[in-house]
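Reviewing the structure listed below.
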Amino acid sequence: MAETIKVGVLGATGAVGQRFVEALAEHPWFEISALAASGRSAGRKYRDAANWRLESQMPEAAADVEVVPVDAKSIDADLVFSALPSDYAETVESGFAKAGCVVASNAGAFRTEPDVPLMIPEVNPEHLGLIDVQRDNRGWDGCIVTNPNCTTIMFTLTLKPLMQFGLEKVTIASMQAISGAGYDGIPSMAILENVVPYIGGEEEKVESEPLKLLGEFDGSEVIPAEFNVSASCHRVPVMDGHLEALWVGMRDDPTPEQVRQAFLDFDPGLSELPTEPEHPIIVRDEPDRPQPRLDRNAGNGMSVSVGRIREGIRYIVMGHNTIRGAAGASVLNAELMYKKGYL
Amino acid sequence: MAETIKVGVLGATGAVGQRFVEALAEHPWFEISALAASGRSAGRKYRDAANWRLESQMPEAAADVEVVPVDAKSIDADLVFSALPSDYAETVESGFAKAGCVVASNAGAFRTEPDVPLMIPEVNPEHLGLIDVQRDNRGWDGCIVTNPNCTTIMFTLTLKPLMQFGLEKVTIASMQAISGAGYDGIPSMAILENVVPYIGGEEEKVESEPLKLLGEFDGSEVIPAEFNVSASCHRVPVMDGHLEALWVGMRDDPTPEQVRQAFLDFDPGLSELPTEPEHPIIVRDEPDRPQPRLDRNAGNGMSVSVGRIREGIRYIVMGHNTIRGAAGASVLNAELMYKKGYL
Amino acid sequence: MAETIKVGVLGATGAVGQRFVEALAEHPWFEISALAASGRSAGRKYRDAANWRLESQMPEAAADVEVVPVDAKSIDADLVFSALPSDYAETVESGFAKAGCVVASNAGAFRTEPDVPLMIPEVNPEHLGLIDVQRDNRGWDGCIVTNPNCTTIMFTLTLKPLMQFGLEKVTIASMQAISGAGYDGIPSMAILENVVPYIGGEEEKVESEPLKLLGEFDGSEVIPAEFNVSASCHRVPVMDGHLEALWVGMRDDPTPEQVRQAFLDFDPGLSELPTEPEHPIIVRDEPDRPQPRLDRNAGNGMSVSVGRIREGIRYIVMGHNTIRGAAGASVLNAELMYKKGYL
Amino acid sequence: MAETIKVGVLGATGAVGQRFVEALAEHPWFEISALAASGRSAGRKYRDAANWRLESQMPEAAADVEVVPVDAKSIDADLVFSALPSDYAETVESGFAKAGCVVASNAGAFRTEPDVPLMIPEVNPEHLGLIDVQRDNRGWDGCIVTNPNCTTIMFTLTLKPLMQFGLEKVTIASMQAISGAGYDGIPSMAILENVVPYIGGEEEKVESEPLKLLGEFDGSEVIPAEFNVSASCHRVPVMDGHLEALWVGMRDDPTPEQVRQAFLDFDPGLSELPTEPEHPIIVRDEPDRPQPRLDRNAGNGMSVSVGRIREGIRYIVMGHNTIRGAAGASVLNAELMYKKGYL
């Protein structure tokens, strides 16, 4: 692992794109070689093209990079991170994979394709085996690996250690941050001092993605897990951090204390990955935690915090939606791929 | 109904007390004869004693009333509304009932007493029969009638028309407004740009009160309804309006359209009560409604709005927590009592 | 004044347009005959075309009106209210005036034209005389009358009673509500838990419009008043209500008590106009008032509240930006025109 | 400077106290030896006593420290930082100074004492000379040094480089964050979706403190600077970061460009102090900056950002109120004292 890998960011100027730049600026394995964005931004310095909206300052290393078009020919990189809109992502990501690039995508375009891994490293690292299937099927030198929707990631990470009790039924009510919709996504008049009980397409993703994530890879395909998810998704006036109230029905009917212990014992063995937090699941025992404002930055935004584990089994999950739920998720996927020799 | 009834408000200066004053200022049947509050306020004009915090202007009729102590001897009224804290309410409300007053209470002190009605007029008006039991038991000339917790009221009102399908299981995630905790209840640093997934004592009330409300009065006691409620309660940065995501399991497994029709058909026959809204349950068919800011004032804050009725059965309920969920609830109870001859 | 005047609303679906509909729905003199909006909305019912965002419910009378294109030929009205964007307003409003309509405009297009009145009825009703000049100049049967920018209106109304002391210098820092930018104007990520110290073009308007408003009409033109205004404009996370901190330098150096008395004594004699509030300027003596949330609805949103009158002279002004500062301002202008025989 | 200095924090559990702990946890010169707080907290671990409310995680080093009473006898430290309420601070801080401690205080109790330095290191480091006067006067072995009110600090830092142009008159409108009032200071119902145009005692401090700060120390006392400050202070729904709109009248009438250059040229020569930022004043040239959410963490919260420098001279100042405006201010004062040999 002596030399660094050249990486590009596709859609580098948007809300998730900025999180990629923040995460990669001082990465020990990856080095930004290209920041790509659509027409208007290309040709300008990143400093000018990106309307930087994070509380951290824009990394100096990125500020003077000239933004290039989103085009495999313009970009010299072994690995690209995609923060593209889903409709646009389909063609573009295929192009990069065909051109030999590894694509770690936060977009939704390929998540449901049978030969594309939908992955959370702590949950289903073995699904990386799908890459060989994908290359065979499509004749690509590169490949595409995706991470789930931000809301899915938070609670699915906590379902993994509960698999031992026999998952049967998950009911989830989400309270989601505005950054999940992108910078221009939600007008202030829509959400200030309000709750909007609807997020287009979200419940469908939240109900289907966990089944693939927790499914079994048999060497050629993923057999979906068999349990039911029912979701109600809501937008709240919070900048970052999705909070989720969960009810989890399990065959073995564990006690709250057994569930708590399962979270504490959870060790995915990924401590060699640079952005893997010390505790991917943090258990909070205070009665009123986790909270978005206080817990979203735990583990540099990569830890998911759980609390209020009660009979039912009910509990609260909270994680940073644009870090653990988006850019950080893709980066962690890429770290695992690097470690496993796919780069 | 020619002459008006003299009414007092106990705890008139607080957040719910102000809503009582707002609701009663121009009431056709009731006339404010006394505004009562604790030590410091007594003796001052209401204008000076109450730190008025509503967007409506303080009613002129109330502004110059001298606030009196919370004491049955100081108050000349046939009916008192209680916005007292629960611990303090127990002794005080008993005193008024003993002294011959009808007490319509928003406090929690007597809600679980077997001989005290816990009532929503559209849901269980027949429970008023408990008043005779109460008077027999306690030797009171007056009586106490209570309304439920604000969160309970919203969704229990929508459960009533679903009783016909055989209620089995209710799962509820609430997103509650800050006014529910009173003016000084929640520090701004706790809730600005945040969600707090805990409200002390709330889930217990939400899980037990609906069983009494939907129970059967057999002439001497209320036999609780038999279904299960599981709640997760959360505070969000909204001024007024509790939004609730519900999953309702029913024996007959109705379709969303049947549920919608049951809401539309619901007619409790209370149109003679002055504050009863034309539609106690409003069905919104837009994909993103109801919302606190847009729907909390429907029916002058007395209508509950439902929307997003989906397979599951899942739906969203929203209502104004300090009107339909508190002061308005007590006033409607009192109107029913007046109509039924208890005043 | 026996018969009602037929009125149209141009740009009826937007944030200010909705305020026009709300204000006109039960107006004693005016009756909505046409709701007009741009391409996509035309042909649909107002209920469907307007994404209603006010806490009041959409007036039933308007809900079923079919929206028409913004075109003088499609509209049968003696008076039209314009909530159009300024760039688009120029051509459209001229067309209506030429066609014989009276145009009461909230747009900026004609405010600085020498022969177009820029008017606040309590401040400069005599400027209506410019209409004759305007008709002579332009050969129009109709005419255009404008109201100022929302920020200008609030404080200029309070400057009127201070003219007697010899205005010399006004320094103003505004804290402006998000509704001033229209429904899609400000992304939530820009303003949640934040202040934006810039509003494009606002300071220029705030510094120039008061000079025309407080200028003298000599029968043929308005001689601008001679004093200096220096403004700093800021956006804050408030839904409605612009709050302004003012320093007013005056030749006669009045005391705070003299200023307070001048506000109390201010009586523009317009009580016959239906939407004129009992007190166009309300003086609040509490140390911490006015506040947007508590005072914006005073006088049905048509009163401006002042407070904290201190040595300096410094004071705070607050008013409802989309009522007194926009739709209500135009309606009041139209009421004065009707009263004065221009309709 | 080989050995570290033992420091205590008085009032360590509150909002500013937590910022002290955050700032000192990894300080190269100072080492926390005592965390002190009032009655109820004493004897408990800091982890349990402090309701940690910062987005950063509680420093591990502090979490297990046992909180001690606020009492010079209980505390082994050469230097104490005081985040005490002003009324309580007077007696306590004197006690520590008498006992030989250096007290770096954020409290208001001693700011106006003629023999106590009120200091911003970049503004008036020479005022440290007052310590000798103070010790002579009071017979203390230790001493007290104070930093100004949070609102004062931000703009006074920017006035320093403008002194060369001859300050005459400063007009300031502040938009202040809620954290300035402490955790329980402002109820959420007071400030959500609102502005409160009043902060008790604030304007008096803002108008007087800059005169002492920019005054001349003649070896025995500080001769106040001669210019006028007029302030209007407002609370806005922002967590951290005070934004201030300034008008600065100067004898030499500099151009905006000259003012900008003066800010850029400002170099107080304090780069050896560990928490001194690279640029104590950052000039933002974007039209809409600085903003609290985007700029408060610049320079680890120790830089003040200015922007919108216009004719007038008008400009915007913004800084982190509990870091640069409170805990960080005291720490920087202590660093300067250490460097100058007072520790």
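The letters A, B, C and D name the chains in turn, as written, and every chain counts its residues from 1.
Operating definition for what follows: contacts are C-beta pairs under 8 Å (C-beta built on N, C-alpha and C of every residue); 3 or more make two chains touch, one makes a residue touch a chain.
Here the structure is a predicted model, which is why all the values come from computation and not from measurement.
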item: Set of chains whose contacts include both chain D and chain A; value: B, C
item: Most widely separated chain from chain B, with each centre as the mean of CA atoms; value: D
item: Chain centre separation in whole Å, for chain D relative to chain C (CA means); value: 42
item: Centre distance in Å when chain B and chain C are each reduced to the mean of their C-alpha atoms; value: 40
item: Whole-Å separation of chain centres (CA-atom averages), chain B against chain D; value: 48
item: Per-residue overlap in chain C, given as positions that touch at least 2 other chains; value: 53, 192-193, 237, 239, 293-294
item: Chain C-facing residues of chain D, complex; value: 171, 173, 175, 193-198, 200, 230, 232, 234, 236-239, 243, 245, 247, 287-294, 307-308, 312, 314, 316, 318
item: Parts of chain C lying in touch with chain B, wherever the complex brings them together; value: 52-53, 55-57, 192-193, 239, 293-294, 296-298
item: Residues of chain B that touch chain D when the two form their complex; value: 15, 53, 178-179, 183-193, 237, 239
